[in-house]
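In what follows, subunit A forms one complex with subunit B and a second complex with subunit C.
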Partner chain A sequence: MSKRRQYNNLSAQIFLVHAFQYLLTIQFTKGCFIVDVKFQNVSLAYDNVNNILNNISFTIPEGQLTCLLGPSGCGKSTTLNLISGLLSPTGGQIFFGDQNVTKKDALARKVGMVFQNYALYPHMTVLDNICFPMKMAKVKKADRLKRGRELAALVHVETELSKKPNELSGGQQQRVAIARALAKSPSILLLDEPLSNLDARLRVEMREEIRRIQKETGVTTVFVTHDQEEAIHIADQIMVLNEGKIQQFTTPNRLYDQPDNLFVAKFIGSPIINTIPFANVRDDFKAVVPTRVFSDGVTVAIRAESIVPATDPHDHLTLLPLSGTQVQSNRFGRETSLSLNYGGHTIIADGFREQDLGRNGKPLQFALRPQGVFVFNQSGERVWPETIATNVSPIKPTEVIHA
Partner chain B sequence: MIKQHPTIKSTLIAFAYLAPMLIITLVFNIYPIFKSFAMSFYTKYDFFTDKVSALGWANYKFIFSDPDFYLSVRNTLIFVLGVVPFSVLLSLIIALLLHRVRFLAGLFKTAYFLPFVTSTVAISLVWQWIYNDQYGLLNAFLSHFGVHPIDWLNDPHWAMPALIIMTIWKGLGFNIILFLVGLSNIDKRYDQVAQIDGANAWQRFIHVTLPLLSPMTFLVSVTSVISGFKVFDEIFVLFGGSPGPGKSTLTIVFYLYQKFYSEWKYGIAAASGVVLFLLILVVTIIQFWYSRKHVHYA
Partner chain C sequence: MTKKRISQALLIIILTLGAITMLVPFIWMLSTALKTAPETVKVPPTWIPKHMQWQNFVTAWHAAPFLTYFINSLIVTTVTTIGQLFTTILAAFAFSRLNFYGKNFLFALFLSTMMVPGEMLIIPNFVTLSKFSLINTYGALIIPWLASFFAVFTLRQTFNAIPNELYYAAKLDGSSDWHFLWTMMVPLSKSAITAIGILEVIGSWNSFMWPLIVTNTAKVRTLPVGLNAFTSDAGTQFQLLMAASTFVILPMIIVYLCLQKYIIAGISKSGLKG
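For the complex of A and B:
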């Protein structure tokens, strides 16, 4: 079992490299343009009542890997389906480059797509599955069989050509699905949770591979996931969606360092960011935050790694050490997780080492690093710290254009 | 799963659970099957004392020399060939439409299903009126196209078409429901993938929907063929207890019924039943053989 898995890991890696390099050659040989994707005031509602997407505008930059990230039901798959043309918006416009594709269906948009469950046609053989897009494009039979065999060899399923999908392992099915997505020389590649059916270790390897290969090929890629860690590792930009609205659309690190709102702060990062009612601990921050924040702040959020021993030699947010009570500590390999009672709430800190700790139930002095501490107001927007200027310009949603 | 070795006790317990259904099936299905098979060889038989005096092939010799029996086989085959293809095709088309219709979908489904749950007697009464040569709805409709009134129920040429039309209509609802179940069991992802792969609506139907629906199409055809071979009550009620004008709708089951209830020839009735059984068996085997190549089980 484990040997087979190892084999799968290795060959999966190899095949993905090949697959994306092939995609690269398609890009250049077929003269497909690498395009950006632009949404203008796009809405989608079912029965004109329930808004799935509410008037969203953004530009997915060309030649980059963009993640759509959010909890289930946030509208990320809907957004992907709007890009693919499987869904039509009830309002707004969609552009591929300069071309308005709003009214065009999936057929005309020529996107490549890999689904989470592979969605291979169960009644067709592997070769027929790969050749199906070419058959629909009326490629001559001899040509498409030749190309189909090439693609199959590329993804290492050449020995399985006459098998039906249900005779293949999950990994093999995914290879066939990717071969099928490549068969039509797509201008945009859409990946709908492509890694979620793989085991954890393989998933980590594959995401690194996808990222490296995407850099080499430069094809505009949209990757949907609900796993924030996966998104942070793979993406050039991340669009965080919740309840049909864009919460924030920026680079992974900026998303982590400067979350615009409480939702993003809580969604990004593991362990989940500590939140304490600001009123409980307000006095500790009196010297740090402006008066307006002092009165408007409702929630303070603190990243686990920003809670450090009072003896920590680096910069501290507050002049005096803060005090809490040590509840419990656990060591997991290189991580030490400390539960700390502060402001009437139990918070998790992982900036401590075992030698920094006392006994459970005893008071403990700690300090906060200047980074990773945020104050949010009543409606969940970040009111402190103010946006920190960095040399990386954040990606702004495109200007709203009124017709 | 718990793996248990079967013991005598566990086997007996299993049989106890199976017993109620098993007894009913044995008494009302299995026993009559063997009994009627045996009965087809009774050449001298007293029904009241259940005493068999002679056995032999005479019953089979009789039916295979009876022109009425040949007529009934011929009529049955015409009926099956007339009903099944149209019924399957029509119900597939209507199911495809209903599958897309969102507006009042429930009402439409109910409307199409009603004939199936309505008693055949009531249906036949309505159709007798529809088929009436002077006052009938069908002739009134056809007269708009310049068709002269047809005496559907009394003209030997038109009795069989009349029967076929009514049977198709009556069976439509059940087949539509089966097809709708089949259609909703097809993951709509396949349709989306096919769209992405560049297939238009017709290509998606031919290359994706139809192959994935094939197990249900097969089920519908097999059950339609079997129930077609067994047709009786529609004829009995539509033609007022007669096998149609000039025996034009005399089917095998009707032949069997006449021999059994009207002429008290149990042996001959049983023999024709055995022939019907073999006929259905052969046709079903052919269908299964065909399905091996053309039905895709996902």
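For the complex of A and C:
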């Protein structure tokens, strides 16, 4: 009898969870058309002379979270403003789904946007802020207040509704800004460095929140950041931008494992990847790289965790035994950081344990793992290892969450 | 410690002197208003009248059509202030947020007009108004003051301090420029707008020269011009003039005292003086 009841309870719970997810999907996708965003040869010059963005084409897949990642001033906000319609391209076309929106203004594109400084209306209460887009769209008062409350609950600010923005913490303001952006049931949600005004701990918390909200609503989301770690943790796929060009557009792990060029290799990962002029160490690599790479290679890049002790009992797949000189070693809590002199350069290794270390100034044997070692040519393109799978379009992550 | 004391004492002395300098004319006005005619010109002057002449106020009020003047002042000040605020808000928004051909040139041109002394504008303005047959009408008293670049400049500074993102956010949310201006910019700049308004109220209420020049009948004259009634070829009746002055400036003193925090805020924010 009691077993039976438990079983019933369980199935009731499962049912409720499903029903809730279903309702959420209905609730927040109602009225919005989840679309992909396509750029076709888009260029932009603020002064009609110098292209900030140069003939770029990409497709941001629907229903996922895509990061625009790149250093300050590389054109991330510009790209975002082109998507939102606050800027018009100097050349090229922009599509939302099948619809050409190049000539449409910001309002007609129905995008929700969250700005770095949140841009909440300071003289309005939290609820009025969230309801403002609906008020503009002439949604009936009762309806918009109801939906405003639902959105506030979604982002967990339902207890702050009558406060003014300056009475909220940074994280709460952020949540309100997201709720407001979702209020018009946007076809696309755009976030421009939304976490950069928060402290480190809150940043991690809000990053998970944004991830959760995106999954619950299923809205196509573009998230701009200059922080590679943030991008890797939050994104389904990342578009790395530099100097107005797309460097690589793929999933976070692929970006890390198979950087297309030296810029991406250096930009992704912490500590920054070790780089050594290939000429200095060419002979060490003779045995593993093809002849073409042997002559074309200009820079070799090695991730810190790919440098391991020569006698690592756990790693039978070491690529190359090498030798260098130990310069210095430091322990920071659970991390050890070892500086090695190799090929006339000081490189950092963090795959060593304390007992594997030698003495400073003495030669040290080490080995390279097969992953995380790359050779780039004169123009910075990766020539080795060659791409394992063809990389035409970003791989879509599994649809588990939508199912 | 003593150094701090001394500097504090000095500060208090300076502020006190400043306050006295500001107050003396008012006290003198009040004191004169309560004197008899002979006492006003007595040497050495007295600060406290021997016999308080309260009836001076009544006499002064009836010496000229002050009720009409009062109503005229009220109309002119109200319309001028509202009109000026309206043009100021629109112009400040245009200079702060919109992009149009010749914006910077126009702004520089307007800025340069601030260097032209007001007295120089009297004759051209008079000629213009007389060509439009507006002399001796409310129009003459109001129209020239419907725009003030000083006010535009002040408000533009305030508008500029409002982040651009707010403008973009409102645009994305479906707000037009017009709607954004009146529901965001204006409420957010409340204190600056109040300050500009008060300065204009005081300026307009107290203005003397211009109304004197462009009016010639009691029908459209304002209070400060009415004060002329006590000056004639035979001399000036100081006690009546001062009594009338008292009730002319009284409303402004009340306005100032009630709203002084906005005036100070407005002036210190714009970094300009009126």
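Here, the second predicted complex is superposed on the first by the 314 of 403 C-alpha atoms of A that agree within 3 Å, B and C clash if a C-alpha of one lies under 4 Å from a C-alpha of the other, contacts with A are read in each partner's own complex, and residues count from 1 in each chain.
As a working rule, a residue touches a chain if its C-beta (ideal position, glycine included) is under 8 Å from a C-beta of that chain, and two chains touch if they have at least 3 such contacts.
Fair warning: this is a prediction, and the values are worked out from it, not measured in the lab.
Look at A:287: by the touch rule set out above, it reaches neither subunit B nor subunit C. Within the superposed three-chain model, A:113 lies in touch with subunit B and with subunit C [touch as defined at top].
Within the superposed three-chain model, A:166 lies in touch with subunit B and out of touch with subunit C [touch as defined at top].
Of the two partner chains, neither subunit B nor subunit C is touched by A:279. When the two complexes are overlaid on their common chain A, residue A:121 makes contact with subunit B and with subunit C alike.
Residues 84, 86, 106-107, 111-113, 115, 117, 119, 121-123, 132-133, 136-137, 180, 184 of subunit A are contacted both by subunit B in one complex and by subunit C in the other. Put simply, subunit B touches subunit A in their complex at residues 187, 189-190, 192-200, 203, 207-208, 211-212, 214, 296, 298.
Within the complex formed with subunit A, the subunit C residues making contact are 163, 165-166, 168-175, 179, 184, 187-188. If you check the complex, the residues on subunit A that touch subunit C are 84, 86, 106-107, 111-113, 115-117, 119, 121-123, 132-133, 136-137, 180, 184.
On the subunit A side of its complex with subunit B, the touching residues are 81, 84-86, 105-107, 111-113, 115, 117, 119, 121-123, 132-133, 136-137, 166, 180, 184.
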